[in-house]
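Each chain carries a letter (A, B, C, D, E and F) given by its place in the written order, and its residues are counted from 1.
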Amino acid sequence: MTMPISRFPVPELSALPDDIREKILAVQEKAGFVPNVFLTLAHRPDEFRAFFAYHDALMLKKTGNLSKADREMIVTATSAKNNCLYCVVAHGAILRIYSKNALVADQVAVNHLKADITLREKAMLDFAIKVCLDSQTVGDSDYEVLRQHGFDDEDIWDIAAITAFFGLSNRMANVISMRPNDEFFLMGRSPR
Amino acid sequence: MTMPISRFPVPELSALPDDIREKILAVQEKAGFVPNVFLTLAHRPDEFRAFFAYHDALMLKKTGNLSKADREMIVTATSAKNNCLYCVVAHGAILRIYSKNALVADQVAVNHLKADITLREKAMLDFAIKVCLDSQTVGDSDYEVLRQHGFDDEDIWDIAAITAFFGLSNRMANVISMRPNDEFFLMGRSPR
Amino acid sequence: MTMPISRFPVPELSALPDDIREKILAVQEKAGFVPNVFLTLAHRPDEFRAFFAYHDALMLKKTGNLSKADREMIVTATSAKNNCLYCVVAHGAILRIYSKNALVADQVAVNHLKADITLREKAMLDFAIKVCLDSQTVGDSDYEVLRQHGFDDEDIWDIAAITAFFGLSNRMANVISMRPNDEFFLMGRSPR
Amino acid sequence: MTMPISRFPVPELSALPDDIREKILAVQEKAGFVPNVFLTLAHRPDEFRAFFAYHDALMLKKTGNLSKADREMIVTATSAKNNCLYCVVAHGAILRIYSKNALVADQVAVNHLKADITLREKAMLDFAIKVCLDSQTVGDSDYEVLRQHGFDDEDIWDIAAITAFFGLSNRMANVISMRPNDEFFLMGRSPR
Amino acid sequence: MTMPISRFPVPELSALPDDIREKILAVQEKAGFVPNVFLTLAHRPDEFRAFFAYHDALMLKKTGNLSKADREMIVTATSAKNNCLYCVVAHGAILRIYSKNALVADQVAVNHLKADITLREKAMLDFAIKVCLDSQTVGDSDYEVLRQHGFDDEDIWDIAAITAFFGLSNRMANVISMRPNDEFFLMGRSPR
Amino acid sequence: MTMPISRFPVPELSALPDDIREKILAVQEKAGFVPNVFLTLAHRPDEFRAFFAYHDALMLKKTGNLSKADREMIVTATSAKNNCLYCVVAHGAILRIYSKNALVADQVAVNHLKADITLREKAMLDFAIKVCLDSQTVGDSDYEVLRQHGFDDEDIWDIAAITAFFGLSNRMANVISMRPNDEFFLMGRSPR
């Protein structure tokens, strides 16, 4: 049995605009499968393009002090606060890969205060979760704490923007019932 | 005295990439001033481009049953739930213009249940606010209510996506202390 | 079309007890219109008299360090927390008049942490909002913070009492669907 | 040892205006002691007069379908939601007296859904608690439920107004640390 | 009229296993009546035995710095947060007995911040309430505060375990509508 | 490096009372390792005995309509609401084993409304989560919904008791920072 991956129609690859199809095929080539977010959001090509342009600007950014694992840790922890099944499972998998740590994704998804992370990472997640759940009260003291852990203002923008962007993604995934690919659940769990 | 419009550096127009500067000048030409969101987000050109591509895909979309006033009403009501000063003031102004109604923006910002809106609009905002605050519980019954008010599934995607996108915008505005232009406060308030 | 201003019967001026009719006519003389709170609450003359006696004791008080604008700022900010359309709109208007500031009412209604207010005013609103939403935890440290900003104990009583009184007003307005007069929306918005 | 009954100065009876002193002496005559709310609020004579005028208009009202026990039950249940020690203890005592029921006050203070009350009383408290905690969402369906239990619109106003008024009282008591008289704790507890 | 004490069948004493019947008779001998928790939970003998073994391990423990009154104060305050009628009433009664204080149970049930308790007791209840409502954020700083008030780590375990155990009890009592015996309401209220 | 598994001393097996050591050795024999909950709670032998007696009464119960997978699903979903790392990870693993489903544990931990579960299971978890987070409002209508899904009253007791018991466990684990064994993270994830 195949479970639906979205409440909305999922386009055939052949029916998609060339740029979108090519992006999807490139991902498939690299990952070995097509993450469902690519297929489900392709229902709206213009939004798809903007979504992934935004995603890539934040997650593939070459500058700043956030590692790729840091970014995925932010996504995993904040998506858990938004109870987004797709993002916790998919980005939890990517976090395991990037961090080469089989345990940390489940840890930060359940309770980042009990995770095996550094004080710097904890401060990063404290802030991300505040942006996620209570951005209205963010202020000077939050900036100050992050600076004390070595983050500069551009890093703070990055943490906030990643959180804000995946807050968008979480809401879309929840509304359309985006289903994570089965592959993600097991990725990065085995010791090497 | 001029108040800062962002915690982050605001680039000079002359220092911006051509496409961004041209977009900003076009807005200025049309509106008579440059809304601060264009200047403050230009700090990050790649994110700027993705942000406005997403924005335009949702807010300038020509199809579907949501009017321009509907879209702005969603933005105003949900931004109030996120306590985002910039978006409530700026999009409240645009809502007054599009709806030719001087009162409705303040009404939906404070309490949409007491606003002079139709049952269809109320259902639209009920759903948008649920996506904003509690997307994890969105399900079949929410879709059903909206369909009973004449919204089809593509409209439901639009309501959710507008809410999700401005949730991103709200969080960025709160984190960087984006200040609304003084012009917005008075726009569309005078009877004609 | 005239919208109803209350779920309950609104008495004719001529049918009211003399003291109440005279109070209403005096307000009309001064303001140029009768704010709906006078008409809607006149449905219960005894409660009307007590309500306005309490209101005047707090808002027309001549002593202490709270300015008239301070008092209206407290009302506007806390009424927004209670999502009371009448009080945010009506007292926001009065706040604009007393403060000679066209922007501050919308600012404190959406997010007082982003408003153009002094640290003293911010401390005043922090406390008022705590009394509004979580009075059970008010204690020594709250008094201490306010004293550091120059408020004495009588001022603290004033802030609390204004918040508490308008919490009553907010609940009544929400329950009876008290509608703000259209006049309030535009008052005090134009620069002079 | 005598515990302070307020953070603020408590006036001597002899120093009070005549009308206030007489009201207090009358209460003492009837109750056998002076409830502390009279002494603590006498710190502000004008507010005292308005407070008790409002109180009496709501609690001594002769018309309508709410019994005196109903009124005290509303006060006890909603004051518990506001964690107001003075009002839960003092009005719980009066509720025991009026209802001739030694158990009901503690029951509704802890969880009205488990109290020995009628369905009509439960509907009354459900509504009062909604007005207390979430008045912004009160609407048609709330009125409808109450009407089905035999309450008319004037009764609904009464329930709301009592809740709103004691919300004011709860906040003042919490801020000034108003202490309930020891007498209240035992009143009405013994079977007769 | 006798009110039901549980939604579930309440076994006859004669139908119970010997060990349970004997335990119940011993309690009756000592207290003069059988608290309903013994009768209602006897519906499930194995769970009954584990429940009271756990209860006795925590509440009859001879070591450590928590007095019997401390333990009952924790139960009363946290059960109020869980709105558990049985536990607030029954353990409030026992608290009055052990503390020889007729007022403190009602005080901590309504608002421990306004109760006549020591700073040590307040810190104990602050922690217990955090464990009750937000255990996920308990961390080093909570331990530190308690140590400053003279609690050692074993005492901290005791406070947490009592809170956790009665959280179980509160949920069972709420689900089965466990009714407190009338006797509890009056116990320990009279001055001696 | 070995991470601590508790803030409290963890006893050596050899130092434990015989019955506890034997229980632990039996678990080790069966599972291949000793789950940390046995070692960390052995710090308090009497509580250990009561804890596991209660656990076994609920989780090894032979009667009723809840399968072993049902029981573990309740534990996983409610422990996630309490942000208990130990229980989500350990019982999620056991749920994968019992259900022979590699995905369902992560699904119900993040958002049971998006999990691949039956309507009966969803009703069971809806109720368990209500008992976990808001037991004070459980009432007739909750029982009615469960009966419509084929649960009888004894099953309802089971769901509530399992939720209540693991609420105790969650709080203890959060307070003592109980660490899940690394083994749990990977258990039951590979397709067979």
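Note that contacts are C-beta pairs under 8 Å (C-beta built on N, C-alpha and C of every residue); 3 or more make two chains touch, one makes a residue touch a chain.
What you see is a predicted model, and the numbers here were worked out from it, not measured in a lab.
Enquirer: Shared touching chains for chain B and chain D?
Expert: Intersection of chain B and chain D contact lists gives C, F.
Enquirer: How far is the middle of chain A from the middle of chain F, if each middle is the mean of its Cα atoms, in Å?
Expert: The separation of the two C-alpha centroids amounts to 29 Å.
Enquirer: Return the distance between the CA-based centres of chain A and chain B, expressed in whole Å.
Expert: Those two chain centres are 24 Å apart.
Enquirer: Between chain C and chain F, what is the separation of their C-alpha centroids in Å?
Expert: About 51 Å separates the centre of chain C from that of chain F.
Enquirer: Multi-chain contacts in chain A: which residues touch at least two other chains?
Expert: Residues 83-84, 111, 136, 174 of chain A each touch two or more of the other chains.
Enquirer: Specify the contact topology among the chains shown, as one of line, ring, star, complete or other.
Expert: Looks like something else, not a line, ring, star or complete graph.
Enquirer: Which residues of chain C touch chain D in their complex?
Expert: Listed in rising order, the residues of chain C that touch chain D are 7-8, 43-44, 46-47, 49-51, 53-54, 57-58, 82-84, 131-132, 135-136, 138, 143, 153, 156-157, 160-161, 163-165, 167-172, 174-176.
Enquirer: So in the complex, which bits of chain B are touching chain C?
Expert: Spelled out, the residues of chain B in touch with chain C are 3, 80, 83-85, 88-89, 102-103, 106-107, 109-111, 114-116, 174, 177, 179, 182, 185-186, 189-190.
Enquirer: Which residues of chain E touch chain A in the complex?
Expert: Going by the criterion above, the answer is residues 136-137, 139.
Enquirer: Quick one: in the complex, what on chain E touches chain C?
Expert: Those residues of chain E that touch chain C are 111, 113.
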